[in-house]
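Below, chain A partners chain B and then partners chain C, in two separate complexes.
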Partner chain A sequence: MSRSSLLDKLLVLLTWVVCLLLIYWAWREATGEGGVSITLLPAPDAVFKELGHILSTGAFIEPWEVTFYECVMAFSWAASVGLALGYVISRSTYLVQVFEPLLASLFTVPMVLFFPLCVLYFGLGPNSKIVFGFSVAFFPIVLAAISGFASVESGFVQAARSMGATRWQMFHLVLVPAAFPVVLSGLRMGAVLTFLSVLGSETLGSLEGLGHAIHNASMDMNPAEMYAYIIIVIVIAALLNLSLGVIEAIGNRRYGVTEGE
Partner chain B sequence: MPIQNIASAAIPNTPLARGHAVPWSERLRSPAAARLYVIAALLILWEIFARFIVDPLFSAPPSQVFGNMGALLARPGVVEALMLTLGELAAAFVLAILIGLVIGLAVGSTRFSKRAFFPVLMMLYGIPQVTILPILILTFGIGPMSKIVFGVTHGMFPVIIATVASMNNLKPIFRTSAWAMGASRWQTFRYVLLPHMVPGFFTGLRLAMSGVLIGVLLGELYASSKGIGHFTQMFSDNFDQVNLLGIVLIVAAIAMVFNAIVRRVELYFSRWRA
Partner chain C sequence: MSSPQPDDLAIQVENATMQFGKEGSSLFVNALLETSLTVKKGEFLCLIGPSGCGKSTLMNLMGGLLTATSGSVDVMGQAINGPMPDKIAFVFQENSLFPWNTIAENIDVGLKFRGVEKAERARRTKESLASVGLSEFADHYPRQLSGGMRQRAALARALSLETDIILMDEPFGALDEQTRMIMGEDLSHLMARTGKTIIFVTHSLGEAVYLADRVAIFSARPGRIKRIIDVNESHPRLPSFVTSEKFVNLRNELYRELHDEMAKATPHSNKIATVSADGAQLSSEDELA
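Then we have the complex of A and B:
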């Protein structure tokens, strides 16, 4: 069993390496003599040279700081307002019936439509990105909070109440652990959406940030720099996804009550 | 996602659902009525803000926005732009389903291909796709093509993931019993696997629809020569708030309708499970 699964893993790894080599080979061939125009796809060596240049001069730090600041602000606002509002709504079945369908249908509206308005009200600076990121991330978080806190098994609540739990004990010993997995997955979705929408809005209209760096390189007809920044953003996104997954797993293990336990 | 579940689970207790004659006093307090009050209150707040508080250069009251809808639609090019955007959405959605289904079936068909390629697909799905938007514009121009391609890149991953995931959700016992009763490969696929894939697949379609909407509209807003992005750009450059809010609301309404249709279809096809 263990031998065959090891073989399996090796085979999987081998396919990945072969795929990567094939992509690299195709990229090199496509950009060679008589290949794709250099404005569409620069040679891999040029991109990696540019990437090394950006990394060694630290040119990516300044736009990254702006993007990071916008993401943190947008996410903190969305998380605090979304969780508070979701908790309040979840405390009454009536409020859930009134607000949940309303929020769920607003969630289906592509918020990117309102980005021109954000720019109009809050300018091209970081504020319009924070507001836009907030408006995108708010909905999954508030919906998860409502669904998490409202669907706590009534047996838990009644048991705690009959054993004389105070309001605070009820909140932090019963409701929070029971709602934790759902709320956490909403927060994770909100975090990913914040990053995506901040980058998107920076690409659409901004003066600084990573999205702006990509847009700027494309406007300057400097494809090597554009691809280098794209690689940087992809690495950051992968790291973000990985760390969010780890945080979710740790959080669930420490505080969460999972079904079937 | 369990988000939608609580609302539907909570409904049967309301008097409206029981189908008796309901007194008006209760009808006025029903959640559906309260929802209308909330919407009305928001509209009134917006009206007050736009009329008395905010600079008219930056906002417009809803009464004006809705009153102006007819004039907006009568403007040359606006209806064409809406139709063009609808066409982009439809093309991107269909292509996303077809491509996603083919890749999903290929990846999900064997254990090895799933283990080798599914993590790669998940990683690709996690990439912020807006980063490749400038490349797509360079490659496909600022016409409808770049929006369709961008919509497809947003929409196909949910379809792939839903297809692979729903192929794997089949309980082994069903496959075994189908095999034991002498079902052919095709029969197993047609009568066992396919019905089981349907609910998960339609969940993927719903996510694909929201992805396609984001992709196409983002592409429109980034660079557009004829679609609605062209008009939002023009109206916001001219501080023409009445028209800007009007067209934004029309597209938002279209998006909600599209999503609602896909959601209905999903519910219809997963009803055998209940």
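Then we have the complex of A and C:
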């Protein structure tokens, strides 16, 4: 890395830190003497004390395990069904013409409207969150798979065919790497939406999980605990985003998509 | 095969017709009409003609990427039925190198398709890259190379397959004139060195005369071969050939043959031709340059 780009990175990092400090300062000012009621926004010290308590007692672990399980299940189903179905549809222009617009318009329907139905069918436990998370994350993944696999340049396929590629070789040496960047961005979006919808649905109707803990704290009139859990979720979301970015970078390097120096 | 051809025939096309779409439908295209053509072993044959005249179609038939609606195509005395990667390699116009593979990997993967062993793949990759002068760029990605280098890499991939026949579909079509000239010279040297059979689709009159042993001129759609012109000049051809009287005469002859077909194929230039012959000549020459 060159010296100037390192400096640029440091500057960006520094700006982030300054922004965080500004938020902290504004938060503290707002909750000071004559400020916002503590039932709406407790002082940062109270929240961080509560956060410390939650972390030291490990109270967050059990809800986190539930939420994590729901996210993994929802995403795995959405990814496997979405990719398989998207690939099959992409193989026929007719199927693409039939299903692509259908799926694209379904994607815009706010699935949260069906969450009460999910609870009705699958109960208040993790299953309703898994089904709901699946129903949200499935669409960007299947759409990306269709467009990724259907738009593979015909020149690549023809070249491989002229050199005698078998069906399996065509799939894993040509179609998969060619579709990879588009498919990966769909998976990334699916992962983020899974996390959002699982947490959101936990706050709407559940018995356990991080979303439930947030909802509970607010019902208990314990805003400090609620904000402490929100901070935990924000940190997890940031970590999720970071790891997705790393996975994407590794994948892109594997398939030579990144710009060469 | 029942055909009694002698051993020196590489490809024999008999009465090949290629139609796309159903007859009567708006998508119906009669791309090639009862075309016959023989290609001798070790010969450089150029196919030239107006856009959409079926020259690429004929090439894809010979390579087994398409199957003729009627008629037959034999390669080395064997009826063709799908791609024959052990006999025929392709060089396409552009975008046939995989952007997710390096240049060396692109060649390696082609050999993988052919089922070549790993050690042999490494040897052939190295050799073919050296033969087109790209050894130093083995680990570059296609997008890091110029258009001319990419087409060299595509040629290296075709050479690595060690086939007797190479089909080239406007391989230099996207390159600038200077690069084309150098590529053409290199190709002529390659011909002299390896004695491969090459069939080459081009739009360029000069390129056709410079490279070909024979030039097959196509008529406008529905395509068929109108005439074949012989270029009696041994490979490797020298740059001085371009300025020789022979070259100029052949090029002019080719131009005359093609001009009528161009006018037929392009309504625009046809119209000008009825107004002023000079104008038509100019506009056609622009298209052919």
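Please note the rule applied: the second predicted complex is superposed on the first by the 233 of 261 C-alpha atoms of A that agree within 3 Å, B and C clash if a C-alpha of one lies under 4 Å from a C-alpha of the other, contacts with A are read in each partner's own complex, and residues count from 1 in each chain.
Please note the rule applied: a residue touches a chain if its C-beta (ideal position, glycine included) is under 8 Å from a C-beta of that chain, and two chains touch if they have at least 3 such contacts.
Remember, predicted model here, so these are calculated numbers, not experimental data.
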item	value
Fit or clash between chain C and chain B when superposed on chain A	fit
Angle, in degrees and to the nearest 10, that opens at chain A between the C-alpha centres of chain B and chain C	80
Touched partner set for A:Leu207, first chain B, second chain C, both or neither	neither
Partner chain in contact with A:Leu7 - chain B first, chain C second, else both or neither	neither
A:Val119 touches, of chain B and chain C: first, second, both or neither?	first
Touch count on chain A, higher of chain B and chain C	B
Chain B versus chain C as contact partner of A:Met163, first or second or both or neither	second
First, second, both or neither for A:Ala84, with chain B first and chain C second	neither
Contacts of A:Thr108 with chain B and chain C, given as first, second, both or neither	first
Partner chain in contact with A:Gly155 - chain B first, chain C second, else both or neither	second
Overlay on shared chain A, then closest C-alpha pair between chain B and chain C (Å)	7
Chain B to chain A touching residues, read off their complex	2-7, 10-11, 13-14, 31, 34-35, 38-39, 58, 112, 115-117, 120, 123, 126-128, 130-135, 137-139, 210, 213-214, 217-218, 221-222, 232-233, 236, 239, 244-245, 248, 251-252, 255-256, 259-260
Footprint of chain B on chain A - complex, ascending	8, 11-12, 15-16, 19, 39-40, 93-94, 96-102, 104-105, 108-110, 112-117, 119-121, 143-144, 146-147, 150-151, 182, 192, 195-196, 199-200, 203-204, 211, 214-215, 217-218, 223, 226, 229-230, 233-234, 237-238, 241
Chain A - residues contacting chain C, complex	153, 155-156, 158-166, 169, 173-174, 177-178, 180, 255-257, 260
List of chain C residues in touch with chain A within their complex	63, 65, 83, 85-86, 88-90, 92, 94-102, 109-110, 112-115, 140-141, 143-144, 161
